[in-house]
Amino acid sequence: MDYQLILEEIYEEIKPYLALGKVADYIPELKKVSPDNFAMVLQTADGEISKVGDFNTKFSIQSISKLFTLTLALQFEDKRLWQRVGREPSGNPFNSLVQLEYEKGIPRNPFINAGALVITDIILSRVGDAKKAIIDYLRLLSGNSSIKHDPKVYASEKKTGYLNKSIANYLKSFNNLDNQPSGVLDVYFYQCSISMNCIDLSNACSYLVHSGYSPLTKEAVSTTRQTKYLNSLLLTCGTYDAVGDFAYRVGLPGKSGVGGGIIAVLPGQFNIAVWSPGLNDNGNSLAGVKALEMFTTITGKSIF
Amino acid sequence: MDYQLILEEIYEEIKPYLALGKVADYIPELKKVSPDNFAMVLQTADGEISKVGDFNTKFSIQSISKLFTLTLALQFEDKRLWQRVGREPSGNPFNSLVQLEYEKGIPRNPFINAGALVITDIILSRVGDAKKAIIDYLRLLSGNSSIKHDPKVYASEKKTGYLNKSIANYLKSFNNLDNQPSGVLDVYFYQCSISMNCIDLSNACSYLVHSGYSPLTKEAVSTTRQTKYLNSLLLTCGTYDAVGDFAYRVGLPGKSGVGGGIIAVLPGQFNIAVWSPGLNDNGNSLAGVKALEMFTTITGKSIF
Amino acid sequence: MDYQLILEEIYEEIKPYLALGKVADYIPELKKVSPDNFAMVLQTADGEISKVGDFNTKFSIQSISKLFTLTLALQFEDKRLWQRVGREPSGNPFNSLVQLEYEKGIPRNPFINAGALVITDIILSRVGDAKKAIIDYLRLLSGNSSIKHDPKVYASEKKTGYLNKSIANYLKSFNNLDNQPSGVLDVYFYQCSISMNCIDLSNACSYLVHSGYSPLTKEAVSTTRQTKYLNSLLLTCGTYDAVGDFAYRVGLPGKSGVGGGIIAVLPGQFNIAVWSPGLNDNGNSLAGVKALEMFTTITGKSIF
Amino acid sequence: MDYQLILEEIYEEIKPYLALGKVADYIPELKKVSPDNFAMVLQTADGEISKVGDFNTKFSIQSISKLFTLTLALQFEDKRLWQRVGREPSGNPFNSLVQLEYEKGIPRNPFINAGALVITDIILSRVGDAKKAIIDYLRLLSGNSSIKHDPKVYASEKKTGYLNKSIANYLKSFNNLDNQPSGVLDVYFYQCSISMNCIDLSNACSYLVHSGYSPLTKEAVSTTRQTKYLNSLLLTCGTYDAVGDFAYRVGLPGKSGVGGGIIAVLPGQFNIAVWSPGLNDNGNSLAGVKALEMFTTITGKSIF
C-alpha cells in the first residue's frame, strides 16, 4: 500500500474539518495555538515513514504523557501498581470525581487524570528527580535529545489547574498517594507540558508495534505481555469517555491529549501520530480522529 | 498451529478452575446446571473445527442473544438505532439503572440489558412475530434448524425477572420503547432462554470472522462496515463491567452470557465458543475467560 | 388573630400567582383541571374553621395519601417498618431510582414514591382488601363517608404509570416488597386517585395538631410519640426535593401532592389545607406554597 | 419546669452512652480528647441557665462554626449568597464531592463543608482580616473575650485536611471561590479550631431564641426573617446526613461538630449546648444526641 499517497489524500480532505474543532481553553496557554495546524505521520514496522503537514511543529503532548509514564512505572512495579489503579473504562469524563468517591480512591484506569496522578506518584517514589527521569525517558524513546517541556504551559497549568489539585488531594485523602499532592502535581504538570512533534511521537511509540522492542534503543521497553496489556488499555481507556466511539470509528488502540495530539497503533504493522489542535466535545482532536477514521476506512486496516 | 492440541491442553489445565465459579442463581432454573461442564470449540476462517469437552451440550445463551438481535436489528435500521442506544462502555453493572437516569433513558450500549431491550423493541416493531423471527435467524445463522428455546428458563425469567421488568418500564417512562414493556419483555425473556451448544454458537458467529459474510448461508449477514462496528462493540462493551479486564487478559472481542457461554473472535482468523456455567464476580464464565486467556497466551494470537 | 380576615387577604393577593404554575401533565387525566382553582382552609385546635375559595371542590390527593397510609401502617408495625424504609430526606426527585440502587432497595423515606410503595405493601399484607381499608380510613379520619376515588385518574395512572411500575419492580428485585408489584401498584394508584376537598383534608389531619388524638373520631389515631415523628417526617421529607425551601419559606411540616393540594401543620395550634393545581418546578403547588408563606409571614406563626 | 433537675437526671442516665461513641480520629489532634467528657447547658429565653458536667471545659467547635460564619456572612450579602449556595439537605455525607459535580459547583447548603467554604470565601472578600473578624464575632456573641483558637488543632487540620483541600480546589475549578483555595482553607481551618465551652456556646446562640436579638450585645444579630431562616436551615441541614434522624428523635433545629458539640434551639423558649466527644456513625456526638432526645422526650418540648 502506498501510505504516503493515502496520507496526502487525507490531508486534502481533512481541511474542512480543521475549523470545526475547538482549541482547549481551560489551560490559558493552549488556546494560543492556531486551529489550522495539522500533521500526520505513519511509521511501519519496517521503519518506513510517511508524513504530511506540520510534522516538525512541536505541540503540548498533555495526556499522551500518561502512556509513557505508565510504561515507565511498569518497570518499577507491575502487580502492585494494579492494586492502586484499575483497568476498566470509566464511562465518565477524564476529570470526574464521582467514581473516585464511590470506589474509595482507586482510579478506574491509568489514563484518567486520577489514575495518571497515582502513576506519577509511583515514579516520584522511585527516582530522585522524577521530572528528569521522565524527560530523559522520552528523549531516549524518541531518539530526540532536544525534547523539552514548555515552561509557559507548565506555569499556566500549575497556576490554574484547580481540578487536578482537587483530584490529587482527594487521592491523598484516600491514602492513594505516597508523596505530597503538591509534589505529585508539580511532576504531573511538567509531564503534560512536554512538547513533541509527530515524528518524535511516532518514534517514541515504536515499542507498541514491536511487542515492546524499540528499534531505536535496540532494547525492550516493555515485555511482550506488558505491551499487549498497554495496547488493550489504550483501546478500552485511551480516549476519555469516547473509547466506544473511537474503537467504533477508528478501530485502533490510541491515546489522545487535549493539545490535539493522538497516537494510534496497529500492533505488528504500524503506528500513526496525528495532530490538530481543535477538539471535539470529548476532548479528542476532531480532525485527528476524522483523519484516523479515513485512514482505516480507506485501507481496511484496523484491529477489528 | 495445531489448535486441536492446544484446546486439549487447555481442557486438561482448566479443570481446577471449574469449581471456582458460581452458577448463576438469580434465574432459578439456571442454577440447576452442573458447574462441571466445559466445552471449547474453535473454528478457523477456513472452516476447520477443533473442539473439546461438552460441545454437544446445549445451554442457555442468555446475553449472547444480544449480539444476534443487534445484528438483526441493524438490517432494519442503522443510523436511527444509534439515536436510541449509545456505543460507549457503561462502567457499571449490566443491570444498573443509575446511568439510565442521568442519561435520560438512552442506554449506554446495546449489550447492557437496557440497550438490548431497546433493540428487541425495534425488532418487535418491524416483524409480525418477533420470537419466530429471532429463532429463525439463529437457526439460519447456525445452520441448525433444531435450535429451540428452553420453556422452563423462559418461564423462570418471566416470573422472577423483576429487575428487567423495572428497566423496561423505566425505558418506557422515557419514551424509549415503542411497544408495551410487557410485550418487549416477553420477547426478551424468550431470546435469552434460547439453548445452543458451542458448535452452534461458533457457526452462528462465522460472519464476524469473514467481514459479515456467512459461509453457511453463502450471504452477507452484515456489511463490512457493520461487522467492524460489531467487533469493536464486542470489545468495548461485550463483557459487562469487565471489558477492560477481558481486553487485558484475553485481547479478543467477545460476548458473554450468564448461562456461562462466551463467544470470542479474531477477525479474519477464527472464532471460539467456550462454555462453563460457573461465573466470576462480573457475571462472566470464570473457566471460560481463563480458557480464552490461556489460548491467547499460548498462541500469541489476539488483536493487540 | 382573625384568621378568616387573613385568609381573605391572601385570597386577594394570590390571584396573580395562579397562572404561574403548571398543571401536572404526566398523568393525562390531571391536566384537565383548571389552574384557576384555589382553596385555603384553616382549622384551629379548638375546631374553628376559616376558609376561602373553592373549598368544596374535590381534587386528586395524590401524594398526600402517603401521609395517611403511613399513619395506618404504623398501627400494624412500627419498628419493623423502619427496617424497610428510611427516615432521611432524599435530596433527589420523588421518583429517582439512583439512590435506591446505591442503597440496595431501601427507600430513603416513606414520602418518596419508592417508600410509599413499601408502606402500601405492608398494608396489603395486613388487611384483606387494602383499597377498602384505605378509603374507609380516610372516610373515618375526615368524617366524610362520601369520599371516593376518581376512576378516570385511577385508570389514567394505571395505564401510563411506567415509572411507578419500574420502581415497584425494582423494589421487588431487592426483595423489599412482599406482594407482587402489580398488586401493590393497583392499591397505590387507587390511593393516589382519591378525591377530597380542603375541608375533608383539614379534618383528616386534626390528629397531627392534637398529638394524635382526633376530635372527630374521639380516639387516638396515632400515639404522641408517633405524631411527633410524623410531623418531623413531614418537615424533613414531605415536599419532595424542596424540603429545605419549604421549611425556609413556610416553616411548617407539610405534605404536598401533584394534584396541587398541600396540608401543613403547626402542632398544638392549627392545620391548613390549601389547593391550587398549578405546580412549581419541584412538583409542589406554586400558589399553595406562596399562600402558606404569606400566612406564616403575616402571622409570624411557624415552628421556627 | 425544673430544668436543672431534668439535666441532672439526664446526666445520670447518659453515663453508659459515653463509651459507645468514637472520638474523631481523622484530625489527629482531636483523638486525644477523653470520651468521658460530658456537658449540658440550657438557657431559657429569660436568661436562666441550668448546667451539668464539664461545662467549663473548652472543646473544638469544628462545624458549629459554620452557623456563626453564615450568620456573619448574611450581614454582608443576603440574596447573592444564595446564588452560590443552596438551601436543601444533601442526603449525602458532609464531605461528599459527588453532588458538587452533578450540581456544577453549587453546594447544597451552607452546613456541608463545600457550602461552608463558600461562606468563608465571602467573609474573606469582605473584611481585611477574616480570622480576626470571626474570632471577634464569637467573642462578641458569647460575651467571652478570652475565646481563642487551638493552634494544635489548627496545625493538625492544616497539615492533614486533604479532603477539604480537594473540595476547595474543586469549588475554585467551578469559579465558586473568589479567593485562592489556600487562603480560604486557612481561614476555614482556623474557624473550625476555635475552642469554646458549653456556656460560651449557649450564650453565643441566644439570638436564635430571640428572633435575632442578642440579650448580651443588646443588638440584633440577624433580622427576624433571617433568624427564622437560620433555624429552618439548622433543622433541615444542620446534622449532616442524619437530619431526618435528628428531627425525628430530638425535634429541634441544631448544629453539630465533630468535636462532639451540639447546639439546639427551641425558638422563643430556650437553647441547649451539649458536648461529648464520642461520635456516632454520622459524625454527631452519640451521647449528645441521646441527651437531647431524653430531654425532649421528658419535657415534651420540641418544635413538633
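Side notes on the structure shown:
Each chain gets a letter, A, B, C and D, in the order it is written, and its residues are counted from 1.
As a convention for this text, a residue touches a chain if its C-beta (ideal position, glycine included) is under 8 Å from a C-beta of that chain, and two chains touch if they have at least 3 such contacts.
Note that the structure is predicted; figures quoted are calculated from it, not measured.
Among the remaining chains, not one touches chain C and also chain D.
One finds 32 Å separating the Cα centroids of chain A and chain B. Distance from the chain A centre to the chain C centre is 55 Å, each centre being the mean of its Cα atoms. As a whole-number value, the distance joining the C-alpha centres of chain A and chain D reads 47 Å.
Multi-chain contact residues of chain C, defined as those touching 2 or more other chains: 102. Taken as a contact graph, the chains are arranged in a single closed ring, with each chain touching exactly two others. Those residues of chain B that touch chain C in the shared complex are 96-98, 100-102, 162-163, 165-170, 172-173, 181. Against chain D, in their complex, chain C makes its touches with residues 86-92, 99, 108-109, 224, 227-229, 231-233, 235-237, 241-245, 247-248, 251, 253, 267, 300, 302-304.
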